[in-house]
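The next part holds the structures, each set out as C-alpha cells.
Here subunit A shows up in two complexes: once beside subunit B, once beside subunit C.
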Partner chain A sequence: MAKVFIYPATSLILSDLVARFDHTPLGTALGIRERIQTPGLESPPLQITPDDPKRGLKYAAVEVPSGVRGRMAVYGPLIEDAEAAIVVHDADFAFGCMGCARTNELVKFMIRQRSIPTLDLNYPRTEGEGEEFVAAIHQFLASLGGRL
Partner chain B sequence: MTSPVRIAQLSCGPEYSGVQSEIEEAARAVDAEVFFPDLKLSDIRSSFEAFGLDVRSSDLKLAIARAKALVEGTVEADAVFIATCFRCAEAAIVRNELRRYIHENSDLPVVSYSFTERTTSGTLLTRMEALTTIARRRTLLAREHQEGLTMGVDSGSSTTKAVVMQNDRIIGTGWVPTTEVIASADEAIQHAISEAGIQREDLNAVGTTGYGRYLVGKRIGADLIQEELTVNSKGAVYLAGAQHGPSTVIDIGGMDNKAISVSNGIPGSFTMGGICAGASGRFLEMTAKRLGVDITELGPLAMAGLSRKVPMNSYCIVFGTQSLVNALATGSSREDVAAAACHSVAEQVFEQQLQEVDIKEPVIMVGGTSLIQGLVYAMGQLLKTEMVVPPHSQFIGAVGSALLSSGYIKGR
Partner chain C sequence: MADYEPEYRGSVTKYVFVESPDMTPGDLAIRAYEIAGGVMIKETCFGIQVTGSESEVEDLVSRIRSFDPTHIFVKDRGFPPGDPRRCRANLGGARPGFFGHEFEMGIIRHISRGLLRLPSRDPGIEPHPPTPDHTGRLDSARLKAIIAAKEP
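Then we have the complex of A and B:
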C-alpha cells in the first residue's frame, strides 16, 4: 500500500480511485482534516492560522504571497510524505480545483524533485479518453502493488 | 434593529493566509456580514470567458465571475470587498480591474485590499465601516449644506481638530497635537468654542471622526460617530465646491494615506494606508525637524529647491532619513532636500496608492499635509493636473463631521 499524492489535491474522484486500489490518497481533505481535528484552533473555514504561511517559508521565500505559503504548509508535508503521485493536467473545475496558479507550479515542481513514481495525465474530454484515463490510473496504481 | 450590511467578498488566498476570520470579525464589528456569491459552475466558465482577462488561478477566475454576477444583478449585495495576497502580480491585475469594473458599472461601494498573514481585523475595521456607512447612510452623505450650530471633532493620529459651524460658515477652530486622546480633544474643542464665542450647550449636534472617534464620541455624547474615509471625502467636496460630479480626494495623513474616488459627494472606491512610513506625513515632520524648521516652513523651503538634485525614494522612514542625512552631509542645500522629501512622499503615494483608484478631476488635497506647498506641487507634477486645496483643508475631517452631524439636529 503506497501513499499517493493527487493533483488536483481537491479531486474527490482521484482520491476515491486511489483508495479503491488500496492505496492512501494524499490530498487537501487529509491536510485540512488534520487542522480541523486539532483542538484549540479557531480560524475558520479551513482552520489555517497565520502561523501556516510562516511554516510555508520552508517551501517558499518570504516575498512569495502568503496565500502560496499557506497552501504549501498544507501540501508541502504531504508531498514530502508521498511515495507516488498522480498529476492530472488542465482538469475541469468540477473534477478538482486548485485555487492558485503559483502554488500549482510549485507543487508540480516539488513532485518532480522527489523523483517518486509519477503518472502524468491530461484531463479526458471524451468518453473514450475517459476510459483510457481510468485504465491508466488503474495500471499505475497496480504497479505500486495495489489490488487489481 | 437594522439588518446587517451584506458585503460580497471577491478574493484569492485569505483562507489560506489565516486571515479570513479577521475579515469576518471586522465586518461583524460594524454590523455587517461578508458572503461569497454563489454561482453555477456553468456561469463561472461563461462569465470568466466573457470578462476576457485570461488569468490562470482558479480562485481569481471565480472572483471575476462573482464580480460579473454582482454587476449584472444576479447576486444582490450592499457593498464589495476585494482582497488578494500582497505581492501577487496576477492577483493585483485582477483586483484592480475588478474594482474598476464594479465602480464603473454599478453603484456598489467597493474597497480593495492586499493582505499578508499579519493582517488583523483592526487594520480592516475602518475600511469595513466605510463600506457600511456608504450602504446605510446614503441620504446623510447626500447632505450638501450645514445647518444650525454644530461641531465636528477629528481625533487623528498626529493632531486633533475641532470645528464649530453655523449655517455653512466656520466660526471656530481648534487644532492641537494628539497626545492623550480625550485631553487633546477637550483642548481642541475648547479652542473652537471660545473662538466661536458660544457655550457647549448651545450646540445643536456634534460629530466625531478619526482614530479616536469612538472614545471621544462617547465622552462628548456625539450624535454622529463616523469613520474618516466618508467624512473626509464629504468635507473635501463640500469645501472645494465640488459636490456634484466626479472628484478625487487625497489625504496624506500622519499615519496613513487615503485616496478616494468620489461621485456626487459619495465615495465609490477608496484605498487607505498600505504603504510604509516613508510615504507618510510623519516623514515630512521628521524632515522638518532634521532641517531645523517648523513643519509650516517646510513647504516654502521645498518650493525654493529642486527635488531631482537629491536621490530620495525610500519606503522606509529610517532609510529615507538616511538619504536625507547623506544628502546634507555631501553638501546638498536644505531647500533641495526639502523638495526631495516632498517629491519622495508624493511619488510613493502616486505609485502605491493612486493606481488603485480612478483619478478624476478635480483632484482635491486635504489634511494637514495639504498645507505643505512643496508636497502639493510634487503631487500636481506627478498627476499632471492642478491640485485643489480648499480653504480650511487641514480641518477637513472636523468640517465633514460638523456638516454631516447637522443631519442629526432634532426637529429638522
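Then we have the complex of A and C:
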C-alpha cells in the first residue's frame, strides 16, 4: 500500500480512486484534520496558527507571502511523505488568489523535484475519456503494488 | 487568542457521495443507518457524512460502497460535521469546498462509466487518458520574434 499525493489535494475523484484501489490518498483533509484535532490556541477557520508560516519556511523563502508559507506547511509534509503522486492539471476549481496560485506552482514543482512516480492527467470530458482516465489510474496504482 | 479544545478528538470524518440511477441520498442514508453501529451519520443533499473511530468508519465505508460500487464515492474530511467554522448554517452562501464538489460531481458519471467497464477491459490495452497539452503556450523565442518585429 503506497501513500499517493493527489493534486488537486481536495479532489473527490482522485481520493476515491486511490482508496478504492487499496492505496492511501494524501490530501488536504489529512493536514487540516491534524490541526483541527490538536488542542492549542483558537485560530479559526482552519486552525492555521502563526507557527505554520514559520514551518513553511522549510519550503518557501522568507520574502514569499505568508499565505504561501502557511499553505505549504499543510502540503509540504504530505508531499515529503508521498511515495507517488497523481496530478490533474486542468482543475479550474484549484484557481484562487495569488497565494493559491503560487502554492499550486510550488506543489507541482516539489512533486517534480522529489522524483517520485507521477501520473499527469486532465479531467475526462466524455465517457470514453472517463474509461481511459480510470484505466490509467488503475494501471499506475497497480505498478506501485497492492490489490487489483 | 482563546484556548482551543477540539470536539470529536481522535475521530475520522468521511464524505460519502452517491450519484446513481438506482439509489438516492435518502436511500443511502436509510441503509447506512441500518449498519451504522456506533458511527455518527449526518445526512446531506449529496449523500452522507460519517464520523467515528478510524476502524469503525473504514468498516462502514467498505460496506456502504458495496451497495452500488461504481456510483458511490468516498473522500476524507478534515472538519467534523456541523462545525461552526465550516457549516453554511453559520456562514451563509455556499459551504467552502462546495465548488470543487460541484465541478467533480458534474463529470463523475464518466468515472462511474470507467469503473463499470474496467473489469471487462483487456489488461494488455495501454490506456490513453486525456493529458495536459502544453503546445498552445507561447514560447520565449516566439515572444522575442514578435517584439523584434515591431509591428504597429
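Note that in this section the second predicted complex is superposed on the first by the 140 of 148 C-alpha atoms of A that agree within 3 Å, B and C clash if a C-alpha of one lies under 4 Å from a C-alpha of the other, contacts with A are read in each partner's own complex, and residues count from 1 in each chain.
Here, a residue touches a chain if its C-beta (ideal position, glycine included) is under 8 Å from a C-beta of that chain, and two chains touch if they have at least 3 such contacts.
Not measured: the values here are computed from a predicted model.
Q: I'd like to know which partner A:Val68 touches here: subunit B for first, subunit C for second, both or neither.
A: Only subunit B is touched by A:Val68; subunit C is not.
Q: If we overlay the two complexes on their shared chain A, which of subunit B and subunit C does A:Ala19 touch? Say first, second, both or neither.
A: second
Q: See if subunit A has more residues touched by subunit B or by subunit C, and give me that chain.
A: On the superposition, C touches more of the residues of subunit A.
Q: Using the superposition on chain A described above, determine whether A:Glu42 touches subunit B (first), subunit C (second), both, or neither.
A: A:Glu42 contacts both subunit B and subunit C.
Q: Look at A:Gly76 in the shared chain and tell me whether it touches subunit B only, subunit C only, both, or neither; answer first, second, both or neither.
A: Touch status of A:Gly76: no partner.
Q: Give one of first, second, both or neither to describe whether A:Gly130 is in contact with subunit B, with subunit C, with both, or with none.
A: Touch status of A:Gly130: second partner only.
Q: In the overlaid three-chain picture, which partner chain does A:Ser11 touch, first (subunit B) or second (subunit C), both, or neither?
A: It touches subunit C, and subunit B stays clear.
Q: Would you sort A:Phe93 into first (subunit B), second (subunit C), both or neither based on which partner it touches?
A: A:Phe93 contacts both subunit B and subunit C.
Q: Is there a shared patch on subunit A that both subunit B and subunit C touch, and which residues make it up?
A: 42-46, 93.
Q: Spell out the part of subunit C that touches subunit A in their complex, as residue ranges.
A: Touch residues, subunit C against subunit A: 1-6, 8-13, 15, 17, 65, 73-80, 83, 85-86, 96-97, 99-101, 103-105, 107-115, 117-118, 121, 125, 127-132.
Q: For a test of understanding, state which residues of subunit B touch subunit A in their complex under the given definition.
A: Per the touch definition, subunit B meets subunit A at residues 12-21, 24, 41, 44-45, 55-59, 62, 84-88, 90-91, 115-118.
Q: In the complex formed with subunit C, which residues of subunit A make contact?
A: 8, 10-13, 15-17, 19-20, 25, 27-33, 35-47, 89-93, 120-127, 129-139
Q: List the residues on subunit A that touch subunit B in their complex, please.
A: Residues in contact with subunit B: 42-46, 48-54, 63-71, 74, 93-94, 97-102.
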